[in-house]
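See the structures that follow.
Common to both upcoming complexes is subunit A, partnered first by subunit B, then by subunit C.
Up next, the complex of A and B:
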């Protein structure tokens, strides 16, 4: 396809998209408009019936837990796909570990400021991620957010220049296990709800009183399991890319 | 709140344009990270801290890291050839 035809098609689609966006913006309610009926209904449902103070978590892990399951399967598939695409093929071989920092690939100098900041922040960040995971039903946050914060705490160790430490803390085997525990736990929780209440992800645990740590039934449990899955999947994706860069090289 | 929202929207537009018009891919990844954090601030102003948290971490840290790792691998292959 020649360049002029491409530009023509791009211009036409840009014009159509622009017109549609303008029409959509024209009919959109104002940002500070009155709250829609659906929002009020959801806030009532998640606090009164599920005792979850955070409506977002109430929707994600109870009312629409099926959508969360779909998201988790997408994450799981991405990390499995990375595992298959970025495996060691017959053209590649493992780098000589002793040469890693000397001749073939000089290690990048990380400044002391970055190193000390990254190392000092890694552990508090992981703890903060765990806190966000566990208290998803009470305050802002939830499984996915906490999981990605834990994964980025691992990345901080890599940014400080300690790839071997990161590999030791979160070896691929550990990450795979964590991911399987998260994914399998969510599936089992959903199926148990299906058998005991008749609906997938039915809430089977006592709900407690709203605002308590042990409240919301299945919501905190599902939140922690989703946190496992998200953290492990993101860490696996990054670690496959890292091993492509740092551990493998093409055979001469 | 309204002024803050308008200022943040303007900064988002400037940052997004900067991401598109940066030609050096390494710098582009870093500006993309900055843009992710600005977008997270916008979500925070619009009363959705849950989304802001995920946006800040994924677009601010993980996506730029994935881009930089892929770039390093591609550059290494070019050096060999």
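Up next, the complex of A and C:
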């Protein structure tokens, strides 16, 4: 099929779909309406029964923690499965070491300002991510957001021009260990809740008083574990993608 | 005016959805196709957030407001967070497949991937 015919058919279908979607949108709730009863119920439950000031964290890490488990399994599977998809092809002979050395590929010039700023920010960035992780039950924050911030510390090291250091960190066993701790910890917490209270991710810790740091039962613990998992999985994904050079040596 | 601002997010949703799908259908490059998928995903986030939105309501975080105050839907916020994470994983796996396609077949044009080679 030639490109012009395809564009024509795609445009016609897009217009028809757009009209249908626009008709469907008339039945959507306007901004004046009340929110759904389920949302109201969860907002009340999260504050009254779980002592979590941040309702979104209460929903993610306690009341609907099963969804979070599925999400984590998706992250875990992708970060592990990328290794399988990115296997070497027969033409690809010198993937990492030799192409990375300075002789065949000149190192990218990074200005001193960028390098010093990125290196100075890397450690505070990781700490800030951890801080966002542990206060998810109190105010704005949570495991996923904190995990992404922690993973961006690794990207700062790459931006500073230290690709080899970043590779070393990314291939370190600690990263895989962190991911396993996050994933396994969430599973164990869910199963312990299942055996002790009869429901998956049931709360087994004291709830504390609302607004305290040690409150919310399992919410801060799950939040930190999810943060570990998200940070390690994203760092692995980024390093998998960056280790692909897209330069093939021709077969001799 | 109220009418327009009520339905403006939904208009944006429809526009982003159809423009993303059109880009995906007519794309000539696998990376461009993945970016079009991102545009389509962002329409879903706007849809989720605008379903949960309520006028003169605050974020569902009660650390400095009393629990009686009206809030926007926390389920939609949690769902959009879930969707962002799932979208990131999908984009990651699609980028991986695009890299592998380029390595094996030497092209990123979907039109040249007519037959399974080797």
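Observations on the model:
As a working rule, the second predicted complex is superposed on the first by the 204 of 252 C-alpha atoms of A that agree within 3 Å, B and C clash if a C-alpha of one lies under 4 Å from a C-alpha of the other, contacts with A are read in each partner's own complex, and residues count from 1 in each chain.
The rule is short, and it goes like this: a contact is a pair of C-beta atoms (placed from the backbone, for glycine too) under 8 Å apart; a residue touches a chain by one contact, two chains touch by 3 or more.
Model, not experiment: these values are computed from the prediction.
In the superposed model, A:180 lies in contact with neither subunit B nor subunit C.
In the superposition on chain A, A:44 contacts subunit C only, with no contact to subunit B. In the superposition on chain A, contact of A:25 is made with subunit C only, not with subunit B. Contact with subunit B, but none with subunit C, is seen for A:132 once the two complexes are overlaid on the shared chain. Of the two partner chains, neither subunit B nor subunit C is touched by A:172.
Within the superposed three-chain model, A:244 lies in touch with subunit B and with subunit C [touch as defined at top]. Taking subunit B and subunit C in turn and counting the residues of subunit A each one touches, the greater count comes from C.
Of the two partner chains, subunit B is the only one that A:155 touches; subunit C does not reach it. Once chain A of one complex is fitted onto chain A of the other, the partner contacts of A:81 are limited to subunit C, with no touch recorded for subunit B. Residues common to the contacts of subunit A with subunit B and with subunit C across the two structures: 31, 54, 56, 140, 142, 144, 234, 237, 241, 244. Touching subunit B in their complex are the following residues of subunit A: 31, 54, 56, 105, 132, 140-142, 144-145, 148-149, 151-152, 155, 234, 237-238, 241-242, 244-245, 250.
Those residues of subunit C that touch subunit A in the complex are listed here as 2, 5-7, 10-11, 13-15, 17-19, 21-22, 25-26, 28, 50-55, 59-63, 67, 71-78, 81-82, 84-86, 88-89, 92-93, 95-97, 99-100, 102-104, 106, 111. Note for the complex: subunit A touches subunit C at residues 3, 6-7, 9-11, 13-15, 17-18, 21-22, 25, 28-36, 38-39, 42-44, 46-48, 53-56, 58-60, 64, 67-68, 71, 74-75, 78, 81-82, 85-86, 89, 91-92, 138-140, 142, 144, 211, 230, 234, 237, 240-241, 244, 246, 248.
Only residues 5, 46, 49-50, 53-54, 57-58, 61-62, 65-66, 69-70, 72-73, 76-77, 80 of subunit B touch subunit A when the two sit together in their complex.
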